[in-house]
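One structure is given here, and the rest of the page talks about it.
Per-chain numbering from 1; labels A, B, C and D assigned in written order.
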Amino acid sequence: MASELSKSPVPDAQSVREQSLAVSGLACERDGRLLFEGLEFTLAPGAAVQVEGANGAGKSTLIRTLIGSASDFTGTIAWQGLAFPRGLAAMRASLLYIGHYAGVRRGLTPLENLAWYGAGQDDAMRALELVGLYGFEDVLCQQLSAGQNRRVALARLYLPDSPPLWILDEPLAALDVTGVAGLETQMNCHLRRGGSVLLTSHQPVNIAPLQRVNLADFSPRMAVEEELHRAV
Amino acid sequence: MQFQFENFASFLAMNGHGPYVWFSYGVTIAVMAALVLVPVLRQRQMREAFRRQLRQEQARRRSEIARAASETAAAD
Amino acid sequence: MEKWANMKLSWQWFHRLGSPRWFYQKTSAWLPWLGAAALLLLAVGCTWGLGFAPQDAKQGNSYRIIYIHVPAAFLALAGYYIMAICGAIGLIWKMKLSFVVMRAAAPIGAVLTFVALLTGAVWGKPTWGTYWVWDARITSMLILLFLYLGVMALSGAFSRELSGDKASALLALVGTVNIPIIYKSVDWWFTLHQPATLKLTQASTIDPSMFYPLITMIAGFYLFYAWVLILHTRGLILQREWRTQWVRELLGQSAPAAKA
Amino acid sequence: MQSESVGDGRKRIAEPVLRPAVPAAAPGFFTLFRTELTLAVRRRSDIVNPLLFFVTVLALMPIGIGPEPEMLSRMAAGLIWVMALLSTLLSQESLFRSDYEDGSLEQLALQSQPLYFPVLAKVLVHWLVTGVPLAVLSPLLGMMLNLGQAGYWPLLLSLVLGTASLSLIGAVGAALTVALRRPGLLLALIIMPLYVPVLIFGTGTVQAALDGYGYGPQLAILGAILAAAAALAPLAAAGAIRISLEN
């Protein structure tokens, strides 16, 4: 069954090359605690970035800041050369985000969930089959396990016409070995098609070309606690 | 414009309406005084809490230094 | 769409600019003078109203409660609008200082509304024989008190301070849109169920000798409100910024900085 | 055009297939409405509970106040309206909660389409599922409370219009408290004062009809409140959702 992936017009190279996410001098704070500062990286089309860091180092806060959910940060985030907030609307138009919460409605079936994300009937069936949910297409998500619900969310990555920028928070969590392999293959395929992936993960991910960004390297030079000690 | 009441007693009594008037004035003055004093007291409390924390900090540090010194002494 | 997006998502972050610190230092100098002026005005107004203003023909001396009831009612309503405006500034331009002022304004406004209600009820006793009268003005004041309590409860419910600020700012804004509607509908409801005698809303035509003390009291209350608002804001600034360097120096002035 | 096998060996033609950055096919208002309706219908208990609450509490009223028909008829309109308000409030809390917990509220906020439409769709479904059944049930309860003969039709009309405004205003409260652990009472505390105008003109409609005057003006004002709420409340709720998502 040779699936015809290129239904949409082929974008010219100029618009693909420009779809890059540039982060410079980014500092995020949460509850008065400075998580990191001076963060620098650029996510070019066809490349991937893995954000690492201990729990509580600010990975989720960084992700929420990148998708524009959190707004108290300094530094610049630019999509297609356009800094936030003007660039945010354009970035969201080409963003596929899977957060800590799967974004799958428990009252709907996997098929209805994918239909809600704009997928056709047969694309959704194939995507669900690829994530190993064959036969569960019409079961209410509330009856599926947490792992299966997560796979319904990940099925969005297997839909054709997927947005170029993927931002995934801990995508490999709660996935078995075959699930991880399939996801890595799909991410590599997405990168080859000129898309870009930004993900957080504790375990190594074999996708190429991969840039690893560790938040520990950008921890605040003078943590506020030390400032406290200096005053004492 | 002259004082409306003959003497202080009738000023208090206000021919019958005194209790109502003085009660509401009393409550209002008390509430306004509270509005002023609460932040002042809270700031004083913060100052003392900070001072206490400071002293604990120094005490802990002194004990650390003392313990470190005794360990090095024991190690030699 | 462009301008709106730019204004709505303005990424200025005043926290770094230390505007709370600037506010604290700027107000330290003239705050006592403001307090003295407020207390002076209040003292003059009270003695004038209590002692020197003539008796009211119908209500006798109990009308003297007007000199605290009316200013408190004015401040209660004005305080709500001040709180909402500060919240709006905080939401739109992301100014932490205006959120702090809003948080300080909420309890002050609630307390003044309570004072207005209490004095209104006590004033009702000699005039109509009952403490609680479902008069239009007093009912609207009661609803205003619930609006204040709602904003305070919401601001305290969030674990993150900033979310609490933004949520209560939005609720205050929604409240201001509704206040005129509530006041009008309560007035309409009151006239519908109008028992003939109750007439607190139209104070008896007030002649100058009674009016001037009222004006001084209103001015005194406004000054007092400004003074207390700044006091509370400064207190909140210290609470929120206790980690920063300038607060520690301010608090720990006399502590000898023992070098480790 | 190189092709390579994927996972289970099927051929796939892979060539640059990324479409330009056109907004993702954001679900239109009708798909939002249809999805919300299917969701609401599947959660049967959310429909029945407010109705049961409405009926049982009103059935208890005569036991508490006393069965004298004359007194009950004077209080019927007010009681029915206050209970309708409370049962709408009861079901308001779950408006955004399930979407917040499974992350779809965040996905909605990320759509490049404004949040106004999804919120409006949700509130419309909430009104259809709780407000309209309340209104349809109210004449039955009017009979139980010995409501005057002229009051049934205005009661139904005022409830239909009124519960829509109640749902819209309550949505702002629901959005403000969605990120909290136990928002129940707080939601009531912050929203109750905003319900006052709707309650006044709702009961006013029925009272006017019972007193023999025309109830047109009161109903018109209820409609005006609904129009204002339909225009402004979803905007406030959308802002509140963005604030709650930042928590």
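Keep this in mind: a residue touches a chain if its C-beta (ideal position, glycine included) is under 8 Å from a C-beta of that chain, and two chains touch if they have at least 3 such contacts.
These numbers come from a predicted model, not from an experiment.
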| field | Chain separated most widely from chain B, comparing mean CA positions | value | A
| note | Busiest interface, judged by C-beta pairs in contact, is A-D
| message | I'd like the Å distance between the centres of chain B and chain D, where a centre is the mean of that chain's Cα atoms. | response | 47
| chain C and chain D, separation of their C-alpha mean positions in angstrom | 33
| Between chain B and chain C, what is the separation of their C-alpha centroids in Å? | 22
| said: I need the residues of chain C touching at least two other chains; which ones are they? | reply: 160, 162, 248, 252, 258, 260
| request: Quick one: which residues in chain A touch 2 or more of the other chains? | output: 68, 71, 89, 229, 232
| query | At which residue positions does chain D touch at least two other chains? | reply | 246
| Touch list for chain C against partner chain B, complex | 35, 42, 46, 50-55, 60-62, 64-65, 68-69, 72, 108, 111, 114-115, 118-119, 122-123, 125-126, 209, 224, 227-228, 231-232, 234-235, 238-239, 242, 248, 251-252, 255, 258, 260
| Once bound in the complex, which stretches of chain D touch chain A? | 6-7, 10-27, 31, 35, 38-39, 42-43, 98-99, 101-104, 106-107, 109-112, 245-246
| request: Enumerate the contact residues on chain C facing chain A in the complex. | output: 2, 5-6, 8-11, 13, 15-16, 94, 160-162, 243, 245, 248-249, 252, 257-258, 260
| request: Name, in rising order, each residue of chain A that touches chain D in their complex. | output: 1-11, 15-16, 19, 64, 67-71, 80, 89-90, 92-97, 99-108, 112, 116-118, 130, 140, 160-161, 163-164, 181-182, 185-186, 189, 192-195
| Complex interface listing, chain A residues touching chain C | 29-32, 68, 71-74, 84-86, 88-89, 224, 227-229, 231-232
